[in-house]
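The next part holds the structures, each set out as structure tokens.
Heads up, the next two complexes both have subunit A, just with different partners, subunit B and then subunit C.
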Partner chain A sequence: MHRTVPSLPLAPSMKVKLINAGFQVASDLTDMRPLQLCKEAGISQEEAVEVLQVLRDDGQPHQQRAATESLTALDLLHQEQALGSIVTFCSALDDALGGGVPVGKTTEICGSPGVGKTQLCMQLAVDVQIPVCFGGLGGKALYIDTEGSFLVQRVADMAEAAVQHCTLLAEDTEQRQALEELTVEKILSNLFLVRCHDYVELLAEVYLLPDFLSEHPEVRLVVIDSIAFPFRHDFEDLSQRTRLLNGLAQQLIQLATQHSLAVVLTNQMTTRVSNGQSKLVPALGESWGHAATQRLILHWEGLRRLASLYKSPSQMEATIQYQITVQGFRDAPDEPRTTPDSSAVSSPSGNHSKRPRMEDLS
Partner chain B sequence: MVILREGICPGINEEFIKALQSEDIKTVEDFVSCNPEELAQKCSLSYKALVAVRRVLLAQYTAFPVSGADLYEELLSSTAILSTGNPSLDKLLDSGLYTGEITELAGSPGSGKTQVCFSVAVNISHQLKQTVFYIDTKGGMCANRLLQMLQSKTPNMEEQMEALQKIKVLRVFDVFSLLACLQNLRSNGLQKASVGGGSVKALMVDSVSAVLSSMLGGKQNEGMSLLMQVAGELKMIARDFSIAVLVTNHVTKDGNGHLKAGLGQSWSHVPRTRVLLQRIEGAETSSLRTATLTKSSRQACHLVEGFDLCHWSEERRTSISGKRKLEERSKP
Partner chain C sequence: MEWEQLDLNPRIIAAVKKANFRSAKEILCVSGPDLQRLTRLSKTDVQRVHCSVAAVVRKSKPVTALQLIRGECPVLEAGHRLSFACPVLDGLMRGGLPIRGITELAGESAAGKTQFCLQLCLSVQYPQENGGLNSGAVYICTEDSFPIKRLRQLITQQPQLRPDLPPALIRSRRFSDNIYIEHAVDLEALQACVSQRVPVLLKRGLVRLLVVDSVAALFRSEFQADEAVQRSRHLLAFSNILHHLSHEYGAPVVCVNQVTDVVDGPNPGRCDYGLVGSKVLPALGIAWANQVMVRLMLRRLAGQVQSDSRSSAPRKLEVVFAPHLPRASCLCGVWEEGVRGIPDDNSDLQPQGSS
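So, the complex of A and B:
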């Protein structure tokens, strides 16, 4: 192999000892036995075994393939078309995102409190399970909750609304068959929930994700709601926070690409004061803005809820209106619907409440 | 400091090395700075063998000076200037990306760095018909978008597919994989790609700060070393293979609140030309951007050019060039 010793993923002190012993290239080391290495480099036997293990892992076929084999953009195009996206049941947002939340990329949802981030995450966790014959992905979801805002009853309501919606759409026998298996219980049982209380637990969970995903290859969505909360309070060293967040972002995009899943992160908003004016901007700092592949900002305008696509590699910036209803995340009522198979069902009174209130029922 | 080992040169075997080590000669430098006659007497090794080995080692490990005139001739014949496809950006970069050099694009999130990389890649693969290597570290590579850009340049599907095949994508997400990837490209990847027809003329890394920024700072002592190794690999690839290297970087705010490119002072010396992309204040949702030249060895710094990222409106107008100039729109 053509790897130089300084570029290997080993501890710096180990590399210094190896370089002082005269090893410049990884191929110098591959034929060595642990005892030989131990004597020449002056390291302990366990360390020698570890070094050789790292070299062997580095030379593994799948590692080599990632670093050496390139895909042409044409192959990548075919792959992307096969991956698909997760619908949000709000047709305007789906159009703005180019079909829905893309699989294989990280999407960040920022918004002030109460605007609907957790609602959208729960809606996506239900929507990823829609069977393939209805245009969904038929996959499972992993929901990492750091704020404690996950409510099972709400997900059950959304799941029931989704099942009802699919029942209305079912046309041929294949779809009817898939519908028989699609029940609220099944949807809830395909949703894995993890509760993390602080940033250490969150980092540990992300570190353990590759093993979890190898055991459950049908997982197509990982939601972290929210990634801002554990990092915003009780953190003295801001530069360490930036480093941890950057490392976390790279791990997440690696998981998204290798296991073909969509990663959705929720972020909070903070106020930035400049030139005597204050503006709401996403929290966690300037460099976090580069971490996610796509960024969606949810905000209020009077009584309306708007979603703006702020950063995307393939879609143009757009702002659309949405609303939260009893059934979940839907299109806003006064949006003219042009497509006949649009999925939005607006609540009868057009208000923003999630539970049916006594006044509406009477 | 190259240590004498068996096999670095024919004629060096284990007895040879043991004999030299008894005289406390362990590295190549120690060996060539000794007098071979004295060495032959002290170590009881053959004088001829010593002289032969010395000659081979000198040829292998010394650096040979090149005259300035020869260097100039070589540069004239091997350097090419690749147009980016956008006349404003070309003007800023003194007619385009120069091969053999590293150019850097910095900007805040959403300022258009990835879009500019896409546009340049599409221009090189379609217009100039050369192969481009694209190293993606953030998951921002979207082949659909490349296809969209190609569709606005030519309606011919075969040409689009051919251009897409000339863009090769590598996805790595941490700095060690990036180093492995670059070292592999340098040793055999680039030669393999140019054997298939169509030489490699550009390498893009989007972005180099995503993998390096988590390694710098704090109590970590390896960050700078890795940053310099990445810089070294990129420069060697650019120089040895006459390739234009384009990297993207994030921005941070300095003490006065002004934007500056990330990765610190050490990285600032690595690219030859640096461009800062910004949105236009007041027109935050439009697709207009300004590019400021912050470091250049050919033009005066702080030149500003405006351009439009928007390709979609171009499709409706069916114009051939990719982007409109800001100046044209503001003409009375």
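So, the complex of A and C:
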């Protein structure tokens, strides 16, 4: 603890009094009692209590850091594997992501309107609740909706389909017991929704997240759908927008690691013209590209919906096909079946859609 | 900024005031370390400032989806929709138009978009249990003048369109009195209309449906091809106002859009929304598409459909995207009493010829 008194976050007059009383370094003050300090520095008892409080608040993180031992990479690997991931019910996408959307990291989903970003987010909010004995996380979800596109009717459909899927997979007594509690009502009751109407409300919500997460420690997924919508208009000062977005990204990754949750953000696409050619690129600018740990881009190719893993520290770039059915986010019908030794949830009976694809009806 | 509302030590509030912060927005837009530097407060004090200001800004606490589906939070989830006044069309839309959010209806000219809008202006005036919102509508015209004759015809034919409703109920509605017609000749007038006059009508509860016919006309005519950035900016500002009005007053917003021709093949710089083989796409590009929650396309098909010895050109109403709807479509015809969907099983009403 080598902090000098002048560097402490105190009022200058206070610091002058402390220095005049002979306190040069923060560690000189740590063992003082308030009455002692009050007499020696000539400050009131209230002020002495405050000075010691400030010292304790600022000192703790340093002390904590010194107290934790350094971790080996093997420890970190075990920790990461223990965190788990949230399946998407599209086995091709789960394989490309290395098991699913990872917990402890931020994942960004970009795509044009209508390609399936909100559908994937809703699916994840349901899938995070799959019981542990089925290979899920058994956790709750918080959905921060900035566009107003969260329609609970659709989530109820997906919840129903997920329950049916698990019913078909249940093999042993433990799973059957877990199934009895897994109802559509239970799934809906574990999904929290907040609607933010502009970026100030969104910033406020993220500041209130730590309190919410301590009240609900079982939350394993936070979705912000979408982070682009409130930030894409009435910002004359783009540098302020970049600063706010960076701040948000930092807060979210901190929350993701501290509370062991997966943070999923959706982003819109915009047109960029370069060399006379126009391309669709993720919105919010170049610097935002560095914000999330993983980036998934959903796009159309003719009639097919494709998902490309664009940026990931641990997985290879890959493009897979998916579809949106009545039941939710699923594999495209002609994808190869998964191997038998994958997790129970994304088993070979993954695609239960016996009903015709909606796209064929039009 | 109501400082008394904040749950903070007066010493902290004094420090924040001294650093010249006047609004919650300013405080929330400053990061923790910056706030520490500007107010000379400690890290935990600054965290407390952010948390209590955020608590004041937050409009409502998180609710569960179960509460939503049970109808306990009507502000977030209305639990009902605005009916199209036709069971087939309502079936396609799982009940009708969502109460909050922008619904776009795109199509070529003479496809029937205005017919749909007029029908909605009448449907909104019925009570909630009959699929309406018990209120009037604002109709903003930017292209042609308002089709008043057609509206009168639709009003007299309401009993034919809604045989399920008691005639006394239909007679009791004063339809023309509750439709407010605005003409906007340029963007400035349009902006003034939606930011000044429409909010007054919404606040007084006189209207709960906003129709803009059409969005494309003014935005396409007032900007040159190379002014895409300015056009985007105006478009976003406009749609932002619509979005806020829709969510604050629980009023569906219907925007009619034109279409552009697709001259080249698939272009990676342009999003096709999976509409492969379509010769037209909704206008105004991806900037507008990002603001729309439900996108519908109306296409006029060749051939004829018959109904009681009357005939009409068939139309195909397709859901291009919506958060709660699959990509489906249905056929419909435009009759004297309005737009009626054609159920799939009615084979003698199938059109001859294809799109």
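Basically, the second predicted complex is superposed on the first by the 277 of 362 C-alpha atoms of A that agree within 3 Å, B and C clash if a C-alpha of one lies under 4 Å from a C-alpha of the other, contacts with A are read in each partner's own complex, and residues count from 1 in each chain.
Methods note: contacts are C-beta pairs under 8 Å (C-beta built on N, C-alpha and C of every residue); 3 or more make two chains touch, one makes a residue touch a chain.
Here the structure is a predicted model, which is why all the values come from computation and not from measurement.
Judged by the touch definition given at the top, the superposed model places A:P9 against both subunit B and subunit C.
In the overlay built on the shared chain, the residue A:D57 is in contact with subunit C alone; subunit B does not reach it.
Applying the stated contact rule after C-alpha superposition, one finds that A:W300 touches subunit C and leaves subunit B untouched. Of the two partner chains placed by superposition, subunit B and subunit C are both touched by A:G247. Of the two partner chains, subunit B is the only one touched by A:E286; subunit C is not. Within the superposed three-chain model, A:T270 lies in touch with subunit C and out of touch with subunit B [touch as defined at top].
In the superposed pair of complexes, A:T118 makes contact with subunit C only, with no contact to subunit B. By the touch criterion defined above, A:T257 reaches subunit B but does not reach subunit C. Contacts of subunit A with subunit B, set against its contacts with subunit C after fitting on chain A, overlap at residues 9, 58, 240, 243-244, 247. Remark: subunit C residues 24-25, 28-29, 31, 36, 40-44, 50-51, 53-55, 57-66, 68-69, 76-77, 94, 98, 100-101, 228, 233, 236-237, 240, 243-244, 246-247, 266-274, 276, 285-287, 289-290, 292-293, 295, 318, 320-321, 323-324, 326-329 touch subunit A in the complex. The residues of subunit A lying in touch with subunit B in their complex are 2-4, 6-9, 12, 21-22, 24, 28, 58, 63, 66-68, 70-74, 76-77, 79-81, 98, 104-106, 237, 239-240, 242-244, 246-247, 249-251, 253-254, 256-257, 274, 286-287, 289-291, 293, 295, 310-311, 313-314, 316-317, 319. Contacts from subunit A toward subunit C in the complex involve residues 9-11, 54, 57-58, 112-115, 118-119, 142, 147-156, 185, 187-195, 197, 200-201, 203-205, 207-208, 211-212, 228-229, 232-234, 240, 243-244, 247, 268-271, 277-280, 300, 302-303, 305, 324-326, 358-359, 361-362.
Touching subunit A in their complex are the following residues of subunit B: 1-3, 5, 108-110, 114-115, 118, 133-134, 137-148, 161, 164-174, 176-177, 179-181, 183-184, 186-189, 207, 209-211, 213-218, 221-222, 225-226, 229, 250-253, 257, 262, 285, 287, 310, 312.
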